[in-house]
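One chain, subunit A, appears in both complexes that follow, with subunit B as partner in the first and subunit C in the second.
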Partner chain A sequence: MVRYVRLLQLFFRTELQYELEYRLNLVLEIIQTVVVTGTSVAAILVLFSYTTILNGWDLSAMLVLLGCFYLVQGFGELVLQPSFEKFMEHVRLGTLDFALLKPASAQFLVTVRNFQVVQLAQMGLGAIVVAVGLSRIPSIGLAEAIGFPIALLCGFGLIYALLLALSTFAFWFVRVDNLMALYWSFMDAGRFPVDVYPGWLRVTLSSAVPIGVAVTVPAQVIAGRLDPLGLGLLMLGTIAAFVLASWFWRLGLRSYTGASA
Partner chain B sequence: MTDAVVDVRELRKTFRVTEREEGLAATLRSFVKRHRKDVNAVAGITFRIGPGEVVGFLGPNGAGKTTTLKMLSGLLHPSAGEASVLGYVPWRRENAYLGRMTLLMGNRTQLVWDIPAADSFRVLQEIYRIPEGQFRSTVNELTELLELQELVHKPVRNLSLGERMKVEFAAGLIHSPSVAFLDEPTIGLDISMQVRIRRFVAEYNRRTGATVLLTSHYMDDVVALCKRVIVIHRGRLLYDGPLADLAERMAPYKIITATLHDGAASSTDLDAYGTVVSREEGRVTLRVDRQVAPERTGRLVNDLGSRLADISVEDPPIEEVIDRVFTSEQTTVSA
Partner chain C sequence: MIRTYRALLVAQIQAASQYRVQSILWMLFSVIRPVIFLAAWVAVANSQGGQIGAYDVRDFAAYYICLSLVSNLTMSWNAYDFEFEVRMGRLSPKLLRPLHPIHYSVVENLVWKLTTIIPLAIVLVFVAITFDARFRTTPMHLLLFVPSVLLAAALAFLSGWVLATLAFWTTRVHAVSTFWDRAAFIFAGQIAPLALLPGPLQTIALALPFGYILGVPAEILRGGVTIPTALQLMAGQVVWVVIFYFAFQRVWRVGVRQYSAVGA
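Moving on to the complex of A and B:
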């Protein structure tokens, strides 16, 4: 376990070194992130200048939700998107072999290998937006304070499991970039609470593309709209999704190494 | 022989491939319904390799060399047969096994392009749990043997193909494996770099006693490194024995080269002595049956007398022997 944490540090450090070499690119990316986040915060403010409540969500809760969205999306773009893109390239080029030949978990070595360090800025801004939203809420109970980070971690876990399962198709079809692109476009829907969407979309965003759950649930916890049972279910669901996706990945790997033949 | 490092028995690998004819219509048809065909990439091969041996694994493209290496390194499951390397079943991919072997592929790189190799080495150190002291001494030794000094601090993308291969070797050997599978390690490299890689492999084998199984298209690699060769063709073992005996067993003829003083080679009729392969500027090359080679040579020396400037009798070049093996249907010859 300690070894994996140290490996993660090494992966992160090497990628950081690489990105620091392209300073201009780094600065531009940060500016872009600030602009995008700023615009969507402004949009929320405009919306709430006409109304004080949106389907039960007030401005503070909406800010927390938007912050959660940037945290989860930032996490996806920080490590998952670059790693899974690289993974598909490895399958295409056959260089996945090298990961399989190492005395360590191949899933770990591949799926959290690459970082887009600049996306930390997005996560940082997300955290700021969450903090601003929280500061507007008069009192936060202990249960909410504990439940919120747990729900957020579950959100990260759900997104990871989903991407892992999707990318596994690369073992059979090699090119699944479009599937991944489709996913990222759905991702954008997460910036609003799932319950504002019509039924069918709400179901999709909560199950097939769990971005709705990953973003909305942590915000619900803060808004005091989720009971312990809901949180428990979320944790169980996340673990189940992770186990299932990992099993599916190993199944794909078996077909890659021809174990079935 | 129970102390074999690599022990392969009746190993087979059958691939299921999709076949389709050319043309759009056929492509569309195959999109709906695929015609599948079984291909025997490896059709039952058996061999053993002892500790510290350097064995050349020869065969034309598609002979099954890479498939065999992939099975021995645990990347592919065989369709049938058994193999054990260092006492492990490779395709179980136990960490204990993976930590003691390496597979180097000349046409693929495990190094990350954008960062210096030194950083990749650190990641490998963590993956293989190499203690700091051992890591330093291994890196120093590899740096010295491969002359890596400046190379490891440049991003890999800035290295030449040859330089990259040297760094790749260092990365593949950083955990001091007991068994190394080298798949075309010198492919695409210029002659001087090939020579340096060869020298390195020989020296590495001498220093560490690692067992090496090497495939190469360049016979020079094999001649320089391997006393023993295993030849496979169409998934079957054709020859397993000393490189020195390969020509004798596989090519039943010798090459006699006669150089004439008067340069009149083109006008001299030498067909009576053997098959004339080439004539150029006073030099004639003859192919003669192995059994009669000494006698024919004697006759040539007698008959040509003082016109003869030089004469040599040799085994045919190893490339020619191999080519002969692959183009003819030979039965299995085992030494």
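Moving on to the complex of A and C:
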């Protein structure tokens, strides 16, 4: 376990060094992130200039939700997107051999290997938006304070499991960028609570593509709308999704043939 | 010229037929965001007794359906492709051909729209039924919509090209187009119909080009504006098309001289 944490640190550090070589680019990317987040907050404010409550969510709760959206999205773009893209390229080129031969979990080496460090800014901004939302809520109970980070971690876990399962198809079909693109286009829907969507979209967002759950549930915890049972189910679901996706990945791995095999 | 275009068209259709899934996925992009904001506005309207300004739930549905149709019909992604070509030096062979590179973009863009319009229409009918959309369109609106959406497409295309040509000077067009997209996000009628943007935002939106690409043709198609207002808005479209046409001519002429392929 300690070894894996140290490996993770190492990966992160090399990617950070790589990114720091292009400082101007880094600054530009950060400015872009600020603009993107700012305009999203503006969109929420426009909506709330006509109402004080949206489907039971007031402005504070919506800000928490939007912050969660950027936290989850930032997490996906920080480590998952770059790593999974690299992974699919490895499958295509047959260079996955190098990861498989190393004396550590191949799944670990592949899925958290690459970072887009600048996305930390995205997560930071998400955290700020959450904090602004929280500061408008008069009091937060202990249960909510404990439940929120747990729900958020579950959200990260769900997104990880989903992307792992999607990218595993690369073992059979090689080019699955389209599946990933599908995920990213649905991601946008996370910016509103999943309960505002009509039936078919809500079902898609909470089961097939659990982006809605990953973003909405942490915000629900803060709004005090989730009982311990719901949180427990979320944790169980996340663990199940993780185990299932990992199993699927290993299944796919068996179909992998190296470049010249 | 017509023969050239026909040849390009055939070649592009053949190329596009290889990427059917891809084009359908890209179509989803032009539907998902409008549906997201439609759902949000429906929730807002419901919390206010079903009516926001001149819009009720069914009007919102019609507006956002028109918006995704318009956004599909006017979509232009040249800035991304072009920066790539300049950066990789791939523009050089295109510059040597007797045809201005813009023509390749025109055809590529047309073919994409032709191939996605049918699946898009199916999805939109589905959305219309889900939200029970109500259109106030009169035949006159439809008649005006045709030139309006053409103007919008021209505007999106030309402004996209002006942004793209910035790649001659900086290889960071990506940053520029992010700012452009986010401004469009606020002012083009995506987050709210232009008529619902609060006070100063609405004035700004009408002074900027973004709304004339999406919101204006969408409102005309929905029948949400009176005919005189529609004509006024279309005059705004004409002004912006002219501005971007001359801007493009100027930027291209200066930029191409600036261009030297990587490795040249």
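The working rule: the second predicted complex is superposed on the first by the 256 of 261 C-alpha atoms of A that agree within 3 Å, B and C clash if a C-alpha of one lies under 4 Å from a C-alpha of the other, contacts with A are read in each partner's own complex, and residues count from 1 in each chain.
Basically, contacts are C-beta pairs under 8 Å (C-beta built on N, C-alpha and C of every residue); 3 or more make two chains touch, one makes a residue touch a chain.
Small disclaimer: the values here were computed from a predicted structure and weren't measured.
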First (subunit B), second (subunit C), both or neither touched by A:51: second
Partner chain in contact with A:36 - subunit B first, subunit C second, else both or neither: second
Subunit B versus subunit C as contact partner of A:109, first or second or both or neither: first
Touching partner for A:3 - first (subunit B), second (subunit C), both, neither: first
Which partner reaches more residues of subunit A (counting touched residues only), subunit B or subunit C: C
First (subunit B), second (subunit C), both or neither touched by A:100: first
Subunit B versus subunit C as contact partner of A:11, first or second or both or neither: first
Which of subunit B and subunit C A:240 touches, first, second, both or neither: neither
Residue ranges of subunit A touching subunit C (in the complex, touch as defined): 25, 28-29, 31-32, 35-36, 39, 42-43, 46-47, 49-51, 53-55, 178, 181-182, 185-186, 188-189, 191-192, 196-198, 200-201
Touch list for subunit C against partner subunit A, complex: 21-22, 25, 28-29, 32-33, 35-37, 39-44, 46-48, 52-53, 130-131, 172, 175, 178-179, 182-183, 185-186, 191-192, 196-198, 201
Complex contact set, residues of subunit A against subunit B: 3, 6-7, 10-11, 14-15, 17-18, 93-95, 97-98, 100-104, 109, 257-259, 261
Subunit B residues within the subunit A interface of the complex: 13-16, 70, 73-77, 79, 91, 93, 95-96, 98-99, 101-103, 105, 108-110, 112, 114-115, 119-120, 122-123, 126-129
